[in-house]
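All remarks here apply to the structure that follows.
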Amino acid sequence: MKKAFPILGLLTAGLLSYALYEGLVVAPKEQTMGEVQRIFYYHVPSAWTAFLLFFINFLASVQYLVRRDPKTDKIANWVVITIGVLTCVAPYAIPSLVPAGARASSIATTGVALVGLYFLIKKFFSEQETDMLALTTAEVGVVFCTVVLVTGPLWARPVWGIWWTWDVRLTSTLVLWLIYVSYLVLRRFSSSGQTPVLAAALAVFGALDVPLVYFSIWFFRTQHPQPVIGGGGSIDPRMLHVLLINWLAFLCFAFLVCWSRYRLERMKREVEETQALEALLEPRSALR
Amino acid sequence: MTYLYVAYAATWAIHIAYLITVVRRYSRLKQEVEQMHKKKS
Amino acid sequence: MSAAPSGITLATLTKDLRLEWRSKDAINSMLFFALLVVVVFSFSFDPVAEESRQIAGGLVWVAFLFAAVVALNQTWARELRNQVLDAYRVSPAPANSLFLAKAMGNFLFVGVLEALMTPLFVVFYKLRVLGPAWQLLPVAILGTWAIVVNGTFFAAMSLRTRSREIMLPLLLFPITIPALLSMVEATTTILVGDPSTSAKFWIVLLATYDVVFTTGCLALFETVLHAE
Amino acid sequence: MNDPNAAHTEAEAIIAVANLVKQFGRFAALRGVSASFHASRMYGILGDNGAGKTTLLRILAGLVPPTRGEVTILGKNNPREVCREFGYMAHPSLLYDEMSGMENLRYFACLYGLEDARCADIIAAVGLDPGLQRPVGQYSQGMRQRMSLARALLNDPKILLLDEPFSNVDIRSAREMVKLLARMRNGGKTIFVVTHQASLLDGTADEFVWMDSGQIINRTPDLKFMETA
């Protein structure tokens, strides 16, 4: 097992450099924005990775809260399954639900994928481990979010001459960043023995907040239109190809970072566990 | 063009900074484990 | 046979109001604080009439938010003074009754603060509502509840942390951003009275926000209350 | 830790704890406590500061989850399920200072779904005047302890968990409280009294549980053990 890490590391490094090469050289130059548009190949994959990590954090937190009691655990399983079925059926049954530019099948597949992710986490992570997973994905997610919030303005500056635009996606990412930083602050400052429970509750609240954040800023934008980062609408297939390569590279990189951070967390808890056991055995003569 | 390189550099600066903190926490933990073993043996 | 949960909520609420009415120290200091917030805001933003209508919505709600946070920090103060919370936790009374009573108590408390601050804002900023004024009521009620329900929940959560006073705003503000945005936008739309846009969307969003987070609070409060 | 054989086994143990451990970080408050307690019996829990007495009480009351170990009370292994049968008294008074004793008890009676008449009887039982209008904040420490005891006795609980009920109480009223508790014990209640004034319970309590640095070191029917310690 230990050997796998360096190999994967090398593979990811290779993939990343290949993706960088693609982004810098192979991808066609964007007519209006020119070379600067290539930041797109780092900005968007980082954002997608961050959102995926936060979603995993949400799933892990829900599981931590739900698996404490077998009854709620079963209910949650059924709720997740129904959500999965709904995301499959709804886009076909009610076509109006499908937003412009998205195909019903893509919504269905993402629905199934996310439900699959829930049961994947359930299988591979014990109850205590979901808490470690939640902490890891939150921390690494915040790092990726910081990258997005740094590269965003760096892209807006040359194109629109302003550092910050209240663009829907960028602002939602900022709010998401604030929520998960407050999550990490809560974990650091909590003095209760049950920090994971508090953190899981806040994570669920944070995740409930995301759609509301998105819709409120989306409507806010329609009333005060401002330039949109990355331009919506259709995208040149070759660009999409490079984008997906970059995303794959970043996903592997994120996986490695999460894995090492997870191992660090597990080691930290094992050390704490042994120290606690030692404290348990040696008599507290000091107090006498 | 420079903004492009600044953006790439910034991205990796952030990632590497984070990895450094992880590695430093890892080594501090390793030392603690060694001390515990030394104290026990 | 413990009393009906609603009975307990009512009893807790009346107990809180009676204690508040008897000592009145919290309400007086809070009213004075609200007055200070309004005056300070009025000094720092002293616009001409037309401009004031544009930013008044934002000013009013940010001022309410600060007054609410200081009030919310006091929610559990009385329960902590003699660890009375433990007496409640040992009793068979459901945790949600306590939560609803505290949330409603806070709602009234913050409502009183807003009732004092609003006329002052109108006076200082010479505000006249051009749009449909009656819509301000649902915005105020839904908005205050949005701040208060999450505030009471996070105040209970921050009981378990070291630096309690600073923890509440850190937890509350990021989560409240969509509600705050809705409140500010709705109020501004109503004040400006621009016929093209309407505050309906924001009111619907606020209502959804309230429903989502009230259910979230009721589902998770028991776990957080007992998370010692 | 041998569990000294409880002489009288006619009543089946209503409370049983098995290798209970509670750790706050590295500090081990309880280091593996195993014991069983029977109905209608008064237990004096003695020990120095930091012996884990209060932690044990709070775990029994369901206020604090144990790090490890099992707690079985009245057949249920989660204290929260039998919280109706608990009377809990702690160092702080667990009463609102601005309200009078009667108002406090009336509020807590509502939590348990009891009528107000019950409050007056209980206040009288602990030797206080139900009609006293003064807020609890202005009571003397002894009176506040007795009102807190009244709050703990309010719902006629099967199990009483009292954390130093006699601290700052004058000897005469402390003895009265012990007599009251003895009557309750004879009425079938199980009473745990954590105290530093063990002499008050001498001759009344059925058993003394000696705790030291997180463990039960001995259980004796009387205070003889004290001289040898």
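Going in written order, the chains are labelled A, B, C and D, and every chain counts its residues from 1.
Everything that follows uses one rule, which is that contacts are C-beta pairs under 8 Å (C-beta built on N, C-alpha and C of every residue); 3 or more make two chains touch, one makes a residue touch a chain.
Just so it is clear, the model here is predicted, and its values are computed rather than measured.
Q: If you average the CA coordinates per chain, which chain's centre is most distant from that of chain A?
A: D
Q: Centre to centre, by mean C-alpha position, how many angstrom separate chain A and chain C?
A: About 31 Å separates the centre of chain A from that of chain C.
Q: Please report how many Å separate the Cα centroid of chain C from that of chain D, as a whole number.
A: That gives a centre separation of 39 Å.
Q: Can you give the whole-Å distance between the Cα centres of chain A and chain D?
A: Using C-alpha averages as centres, the distance is 49 Å.
Q: How big is the gap, in whole Å, between where the Cα atoms of chain A centre and where those of chain B centre?
A: Inter-chain centre distance comes to 21 Å.
Q: Please set out, as single numbers or ranges, the residues of chain D touching at least two other chains.
A: 64-65
Q: Quick check on chain A: which residues sit in contact with 2+ other chains?
A: 193-194, 275
Q: Scan chain C for residues touching two or more other chains and write them down.
A: 228, in rising order.
Q: Quick one: which chain pairs are touching?
A: The complete list of chain pairs in contact reads A-B, A-C, A-D, C-D.
Q: Using the touch definition from the top, list the residues of chain B that touch chain A in their complex.
A: Of all residues in chain B, those touching chain A are 1, 3-4, 6-8, 10-11, 14-15, 18-19, 22, 25-26, 29, 32-33, 36.
Q: Provide the residue numbers of chain C that touch chain A in the complex, in ascending order.
A: Going through chain C, the ones touching chain A are 150, 157, 160-163, 167, 170-171, 173-175, 177-179, 181-182, 185, 197, 201-202, 205, 208-209, 212-213, 216, 220, 223-224, 227-228.
Q: Once bound in the complex, which stretches of chain D touch chain C?
A: Checking each residue of chain D against chain C gives 61-65, 80, 83-84, 86, 88, 90, 92-99, 103, 107-108, 110-113, 151, 155.
Q: Give the list of chain C residues in touch with chain D in this complex.
A: 1-3, 7-8, 11-12, 15, 18-19, 22-23, 78, 81-84, 86-93, 226, 228
Q: Quick check on the complex: what are the chain A residues that touch chain B?
A: Per the touch definition, chain A meets chain B at residues 20, 35-36, 38-39, 42-43, 46, 140, 143, 146-147, 150-151, 154-155, 157-158, 253, 257, 260-261, 264, 267-268, 271, 274-275, 278.
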